[in-house]
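What follows is subunit A paired twice: with subunit B in the first complex and subunit C in the second.
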Partner chain A sequence: MIKIFIDKDPVEVEEGTTVLKAAERAGIHIPHLCYHPAFPPEGSCRMCLVEIEGFPKLELACSTVVKKDMKISTKSERVVEARKAVLEFLLAEHPLDCPICDKAGDCKLQDYYDEYGLFESQFKEVKEKREKKLKIGKTLILDQERCILCTRCVRFLREVTETQELGVFHRGVHSSVNIYDGATVVNNYAGNLAEICPVGAITDEDFRFKTRSWFLEKRESICPLCSRGCNILIEYHPGFARFEVPKKVYRIKARENPEVNGFWICDRGRYGYSYLEEGRADQIILNKIDGENVLTWENISEYLGEKIKRLYSAKKATGIALILHTWLSNEELFLVHKIFKEDLKVEKIFFADPPQIEADGYLLTSDPSPNIRGALEIGFDIKTVDLDALADGTDFLLAFGPFLSGLFSLGDLKEALDKIKGKVLFSYYSNELNSLFDIVIPVALIAEKAGSLTNVDGIVQSFQPALEPPGESLPEWKVLADLGKKLGIDSKFFEKFTSPDAILGEMGKKITFFQEKE
Partner chain B sequence: MKEKVLTEHFGLENLYKIDVYQKQGGYRATEKALKKMSPEEILEEVKKANLRGRGGAGFPAGVKWSFVPPTDKPRYLCVNADEGEPGTFKDRYIMSHNPHMLLEGIIITSFCVGINAAFIYIRGEYEAIALRLEQAISEAYEKGFLGKNIVESGFDLDVYVHRGAGAYICGEETALLESLEGKRGNPRLKPPFPASVGLWQCPTVINNVETISNIPHIILNGAEWFIKKGLPKDGGTRIFGVSGMVKNPGIYELPLGTSLKDIIFKHAGGMKEGKKLKAVIPGGMSAPILTADEIGIKMDFDSLVEANSMLGSAAIIVIDDKTSILDVLKVVTKFYSHESCGQCTPCRIGNSWINKIVKRIAEGKGKKEDIDSILRLASNIEGNTLCPLGDAAAMPILSITKKFRKELESHL
Partner chain C sequence: MSLEFSEKAKKKIEEIVARYPQKEAAILPVLHVTQQEFGFISAVQEKIVAKVLGIKPIRVRELVTFYTMLTRESLGKYHIQVCTNLSCHLLGADNFVDYLVDKLGIQPGETTPDKKFTLSTVECLGACERAPCMMINFNYYGDLDPKKVDEILDNLK
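The block that comes next holds the complex of A and B.
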């Protein structure tokens, strides 16, 4: 660590760091447009110029490495004037079409103008005319007039995807970003371009003109669409109190995590968010009940507890079968393991996950479920459902997840399940699969509950609810903790589990892998 | 003592052929340097000679070479023959008249710095000269001055000619490297400097044609002789390229420190019939303009800096009283607006903006505030750009606008 002075205040910073990063650490934001922490400094926007004692010129904060006792001014008159000048240049050739720009409210050019600009335009000349609506990717639109040539997009495609679909063409004021010979951006990370564009030059048709960014709340979550566990922001419209605007998820963005996904997410994770809202089950469904009428989870849990208890007392636990999946959190899988494997000694435990996909060699893995590693660490042997083995001698089936229908035809499923007397399903969705079960209980997705997941590299990541679960949906950890209590085999054990945190704490005591991971 | 160094034998027929060159004592410097001197001794001699870069910046060549760090990576020499600075035409004379002198300089420099591959980056328009260089290179290979085990010294060197594609910015050393690597010619952020991280990320020396061409003469005659040819802190002669409204435009090799007045009126024959001197651009278009009463100045690096101008590429552009300064400004701003690479904001947009204002003034639509706008915008470019092109544009624009403000205002 060395001491430097930023705006006269002494600051201890890491040796070898840059002025921009050191300032950021000290809570001082130095405006920048071309600099992005994922790439080496580019130095082209000239927004981050600062004054350093002993240097005749203003120096770049993004690339200048700190030296012992360096005295840096980030707010001196000279610095502010230079920033103003850069903004004046950028805005001179900018179309200023903010009212119809998707990036409005989420635009660095707007933010910096508000902070350092506020001048009257002196530009009396004719602005350059460029392409306003170039389709450069499946859902990407490039507006060359809004582009400030920070080249973040070009560098992303050069350094991250190494696909190089974009380049800078022409020279001087005619410089513009474009694709080569009509070949559009085709890679599984294209959506990141709209996100790293600091202005409204690259926008995404998936989001364009659907809402205004300032209505959206950014909620932290983890992408469940593969075993990478990329950190994401779910951008959610919470609705208006006085107008009929539905609550809705509008887009997914990457959330920085250097250990897991860096600054990026793949397009599968970005655009595949319809699973959050489409076809969700929001109430308990009773298709067939033997005996009393049950309507609430409270009643159902009593009923299930009794049912399982009876089988257990009659030494008929062998007649119980279980279908699990690895969208369940560590805590949920742990509770299942305790109740059914340890206490009830159930042997027929199968998994029904979405079928394997092709990994892309970067973030996207071949497992389209987020917690396979967690299931393995907890002690499950991941056996895919075998319908014959499942139905053979089974009296009672507890099935979790909607993924059975992706593995078998409805006819085959019906044939097998018809052989089982009692069947209960916990599912996210309302679909034909539900008709095969006696009771269907709607449950919360990862985005709607708390818990933790173990990603492909063994990193345990906790998450909190980002969205409200629909209707009567419950988180499975709650369902399982209730069931554990109702069973009465080891009720005390389950009583303390009032939150996933408490469960993870217990897991740390029991499983070495989860020690100190809560 | 003979006056000329670089251009001494230029009148000689077929000097560009190796036999003729050798008859004039050619390649003696190579033999001396590679057989009788150590790289350290050569470096010492070049440092003592105070040979400053002839491309424009005037950085001492020996010091530049000594910045090359001791690494295992290959090292490269790039000879900057892009000669893009408007008004400059000295390097083309050297390369077309005496290519072997340049090759000798390349060989000795490479031997001194430990380089086994050298590139001559020549502007695309110099096609005939590039062919002549290639001819000279193949002659040198035949005679054993290039290739393996040069003059049986154990030293190997290959030289390649690379033609540019017509961008002013590729004369900037880091843009030159990008272009040579096959990329868009955009300048790189410095540091790191090319001496440590240059061509293909390897240590690289970049020198101008004229700079390198001085090396064999320093080796043959010594640093003391070289300094006597010029000034103590600024050794050797300089090839001044005089253009514009003079009787005899052309190149004039003269000692550093010769007065501008003498160059124009003694050597270049004075103003053309009926023309009066109005202004002089003393060091290529980027150099701040001098008015007619400033021409008593000595033409060396330090004297011109003192006069708030620069020696640059020593290209002297002589402007007469009939030439409208607005036309001069129009040419200057059009050029920089056209040649800005577009990478950094102030240069990309600032130069275009200024050019748009100047064009509007020339169309008779000037506004009272335009002159102040030009000054303000040029000041906002100066010192704030990624590479020296921003300053190269702002300096002449500022000096022309300040020194000839009254004349410009008469167009509003």
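The block that comes next holds the complex of A and C.
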């Protein structure tokens, strides 16, 4: 560690780091456009100029390495003047069409102009005409006039995906980012381009012109669409009551996590967000009920408890079968394991997960469920549902998840399930599968509850609710913790489980793998 | 048009590539050989060069469009490059370009229909002491005036 001075304040920084990174760590933002932490400094935008004592000219913060006792000013008059001048050059060739630009509100060029620019343009010449709507990918549109040639997109495709679909053609004032003879960006990470473009040059048809970025609320979550567990931001419109704009998720963005996904997410995770809203179940469905009162969330665990107790006291734990899936959190799987495997000694435990997909060799894995590793570490043996074994001698089936219908035809399922007397399903969706069960209880998705997941590399990641679960849906862990209490086999054990954190804490004590991972 | 390098060019390229620790680094000298071989570098040539160097054609196009000495279209027999930078400009390069435009009937960047002349304007040719100056193919001509240009062009077959 060495000491440097940023704006007269002493700061301890790592040797070999750059001025920009050192300032960022000290909480000082140095404006930059071409620099992106995923790549080596490029130094082409000139926005990050700072004054360093002893240097005759202003230096680039992104590429200048700190030295002992370096005195850096990030806010001096010269620096502010330089930023203004740089902005004037960048904007000379920019169309200044913010009001109709989809990136407005999300654009660093706009932000910096507001902070450091605010000049009267001296540019009287005619601006270069370029391609305004060049389709460079399945959903990506490039506006070459808005481009400031930071080359983040070119570098991303060169260094991360190594597919090199974009390049900078021509030079000087004629330079422009372009594709090679109509060959568009085709890879599973194309969506990241719209996200790393600091201006309105690359926009995403999946999002553009549907809403404005300043209406969106941003919430942290974890992508459940494969076992990588990429960190994401869910951006949703909270809805306007007055104009009848409904609450809706508009896009998913990558959230930095160097251990898991770096700065990126794949297109499957980015564009596959319809699972959050489409076809969701929001009410408890009672298809068949034997004499009981109307079920509500308060008495579900009581109802289930009674049902299970009746079977158990008749020494018929063999009559209980369970279908699980690995979209359940560590905590939920742990509670299921404790209640059904340890206490009730249920043997018929199956898993119904979405079918395997093709991995892309980078982030996307072949398992389209987020918590397979967690289920294994908790002690489950992941057996796919076998309909004959499931129905044979089963009196009561407790099933989780909507994924059964992806594994079997509805006819085969009906045939097997008709043999079982009592059937309860916890599902996210309202679909045909639900008609086969007596009771369907709507539950919260990962984006709507708290808990933790164990990714393919064994990294345990906690998450908090990003969205409200629809209607009557609630997280499974609440029912399970309650059920544990109501069953009365080991009631005390379940009493302290008032939050997923408390459950994970207990897991750390019981399972070595989860020690200090809470 | 041959889609392959001649044996001579292939040997030359081999020699050039061997000089660099990475194949890609040889791209500029290889492009010069390519231009000598084919006269210009269009998409077909870009792909051949990319294949030889084990890179994507888009990398080749980035360079071909960047450097003015590399051309993407076939040129006339005589490539006239007129300097319009500072010294030449002060000594009337603009009038001089206008004179050539009138005389040849083409704009800068164009080739005469008989494929004899291509006219380009370029930045400094490094011959300010002879401003205004121009290059025709690889020969320099300086201290130009319309009369001198007429003589030079008339002598070109």
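To be clear about the criterion, the second predicted complex is superposed on the first by the 517 of 518 C-alpha atoms of A that agree within 3 Å, B and C clash if a C-alpha of one lies under 4 Å from a C-alpha of the other, contacts with A are read in each partner's own complex, and residues count from 1 in each chain.
Keep this in mind: a contact is a pair of C-beta atoms (placed from the backbone, for glycine too) under 8 Å apart; a residue touches a chain by one contact, two chains touch by 3 or more.
What you see is a predicted model, and the numbers here were worked out from it, not measured in a lab.
Asker: Is this a clash or a fit when subunit B and subunit C both end up on subunit A?
Answerer: Here the two partners, once superposed via subunit A, clash with each other.
Asker: Looking at A:H170 after the superposition, I want to know if it touches subunit B, subunit C, both of them or none. Which is it: first, second, both, neither?
Answerer: both
Asker: Looking only at contacts as defined up top, I'd like to know whether subunit B or subunit C touches more of subunit A.
Answerer: B
Asker: Quick check for you: in the superposed arrangement, does A:D181 touch first (subunit B), second (subunit C), both or neither?
Answerer: After superposition on chain A, A:D181 lies in contact with subunit C alone.
Asker: Does the superposition put A:K124 against subunit B (first), subunit C (second), both, or neither?
Answerer: Once the two structures are laid over each other on A, A:K124 reaches subunit B alone.
Asker: Should A:L58 be classified as contacting the first partner (subunit B), the second (subunit C), both, or neither?
Answerer: first
Asker: Subunit C: which of 5-13, 23-31 or 113-121 bumps into subunit B?
Answerer: Clashes with subunit B appear only in stretch 23-31.
Asker: Determine where on subunit A the residues touched by subunit B overlap those touched by subunit C, and list them.
Answerer: Residues 167-168, 170-171, which sit in both footprints.
Asker: Under the stated contact criterion, what part of subunit A meets subunit B in this complex?
Answerer: Contact set of subunit A toward subunit B: 41-47, 49, 57-58, 60, 63, 82, 85-86, 88-90, 92-93, 122-126, 128, 148-149, 167-168, 170-175.
Asker: Please output the residues of subunit B touching subunit A within their complex, sorted ascending.
Answerer: Residues 167, 169, 184, 186, 189, 337-346, 348-353, 356-357, 360, 367, 369, 373, 380, 383-386.
Asker: Which residues, counting only subunit A, touch subunit C once they are in their complex?
Answerer: Touching subunit C from subunit A are residues 164-171, 179-181.
Asker: Residue numbers of subunit C touching subunit A in their complex, please.
Answerer: Residues in contact with subunit A: 43, 56-59, 61-62, 65-66.
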